[in-house]
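Some notes on the structure that comes next.
Each chain gets a letter, A, B, C and D, in the order it is written, and its residues are counted from 1.
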Amino acid sequence: MDVGTAEAVESAGPDARTAALYARDATCRGLGITLDEVGTGRARMSMTVSAAMVNGHGTAHGGYLFLLADAAFSYACNSYGPVTVAQAAQVTFLAPAAAGDELTAEAVERARSGRTGIYDVTVRDSAQKVIAEFRGQSVMLAGRPQAG
Amino acid sequence: MDVGTAEAVESAGPDARTAALYARDATCRGLGITLDEVGTGRARMSMTVSAAMVNGHGTAHGGYLFLLADAAFSYACNSYGPVTVAQAAQVTFLAPAAAGDELTAEAVERARSGRTGIYDVTVRDSAQKVIAEFRGQSVMLAGRPQAG
Amino acid sequence: MDVGTAEAVESAGPDARTAALYARDATCRGLGITLDEVGTGRARMSMTVSAAMVNGHGTAHGGYLFLLADAAFSYACNSYGPVTVAQAAQVTFLAPAAAGDELTAEAVERARSGRTGIYDVTVRDSAQKVIAEFRGQSVMLAGRPQAG
Amino acid sequence: MDVGTAEAVESAGPDARTAALYARDATCRGLGITLDEVGTGRARMSMTVSAAMVNGHGTAHGGYLFLLADAAFSYACNSYGPVTVAQAAQVTFLAPAAAGDELTAEAVERARSGRTGIYDVTVRDSAQKVIAEFRGQSVMLAGRPQAG
């Protein structure tokens, strides 16, 4: 399978497309973010907070909490086939996380209208405590037909 | 100067406090995010998008764009002394960035009311093109007196 | 029952508290917004778009769509007893509404942490089409003990 | 001047277009919201909080604060000519307002990219105290050419 082009990714089946996206996802691979599950309009990813992800206050940097949620959002909204990107996102931080915590982000589609989608992502620690709630607004890029 | 404790950071002057925060900021140091300027209620930070910061679509991961903005926000809202954390944030992505781009995030305070603050952060590339607009809501932690 | 004071409202049972809040809610009563259902952490309200709620483009003013969602959010987060107010909110408009449309806003609690709560509100028309998605962040006011 | 159609509004000059939009704006006219100033990418509107705009806690309903900001946002983003609508908005409530308060909403454009715009609106009372900060994301409707 040639996954070197976006066109190849789109014409492949959902599993192959997702695998190709992940294979090229230097961010997730580099940070050890795993794609645990993906389906139409949803995805679940996990990340262990490393010592390198801590801020000056000694807790997990909010930027990494957002990044994990944003990654799950991205796989959920790209599950339909056409290239889809984040247009906006909002996050509320509910509890701090610490180095060593294993976090899971669960993204589910909330609504779709035309090329716009709304996805909710909940970030939890291994005790199922909610660390952050994220809502993303996606847009499918024009001229990118739905893959078969 | 002992910068090993939060108490020491708060009782130090603004420059020493900021330096101590940055010295312990594994995230910013690890990603090469530099603190170019900081003042009361404002901060400017820079980051070069590395090959490790790219997503499956081949552009800079939105999570890293947010992280840069969030970092500038954090230094701006901690400039007053008391430990201040992000409670919520919203970001709009206006243009993609690519590996090699040098990005700058400029954070300015927009409003304060009690322990809550609103900060706006604009992320630009080296051609001054706006990549993302971020707005963060901060909260000063209770029981942390303003440093002298 | 004396519902003339906030103290009386808080010490009353949930149904009496809600009824007292609604009795004094000039906005909802004036706009014909009905409180169809309320429970712990949730509420459902309805509003018919009147000719007076239209903007210059001939569609329902987004401000009124937000207001309906915000009202449902308010009854949901005040269902616990202590006076609770909106601190921030975000809305995405997915489809226009027109004069004569009967809209329903359904608010559910998504998360709580300390005195902060997150509530999601979906606004639908009578055909169950989603018109808007709203997320609100609430805060319980300090020094207002939970009612018995 | 025939202002009965959107086409007429778009082909008119900026002042005539704005006047026509306002003439048909049942919401703003009905609530006594005045359009004090409008320019390219900006607008200022005012509203006096009436007794009918109060919630069950005795303060101005957040929905009306949002509505005022949203209205100013709308005139600012429609100042370019093509029909432009709100796609999303975020508001932070910083201080309560009361019946009788005269509020002003000042909308300014923050960024534009393609058909998307970002506008910031600050709502102040007559003592210039900031009541709310609003950020809106607009989208120009496709197939609506810029008026001459």
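We take it that contacts are C-beta pairs under 8 Å (C-beta built on N, C-alpha and C of every residue); 3 or more make two chains touch, one makes a residue touch a chain.
Bear in mind the structure is a predicted one, so any value in this text is a computation, not a measurement.
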Ask   = Based on the averaged CA atom positions, which chain is farthest from subunit B?
value = C
Message = Of the pairs B-D and A-D, which shows more C-beta pairs in contact?
response = B-D
Inquiry  = I'd like the Å distance between the centres of subunit A and subunit D, where a centre is the mean of that chain's Cα atoms.
reply    = 34
Remark   = Distance in whole angstrom between the CA centres of subunit A and subunit B is 22
Query = So what's the Cα centroid distance for subunit B and subunit D, whole Å?
reply = 31
Message = Quick check: what residues of subunit D touch more than one other chain, meaning two or more?
response = 87-88, 90, 92, 116, 137
Query = For the complex, which residues does subunit D have touching subunit A?
reply = 87-88, 90, 116, 137
Remark   = Within their complex, subunit A touches subunit B through residues 6, 20-28, 30, 51-58, 61-64, 66-68, 70-71, 74, 78, 83, 85-93, 96
Residue ranges of subunit B touching subunit D (in the complex, touch as defined) = 90, 92, 94-95, 110-111, 113, 116, 118, 120, 122, 130, 133, 135, 137
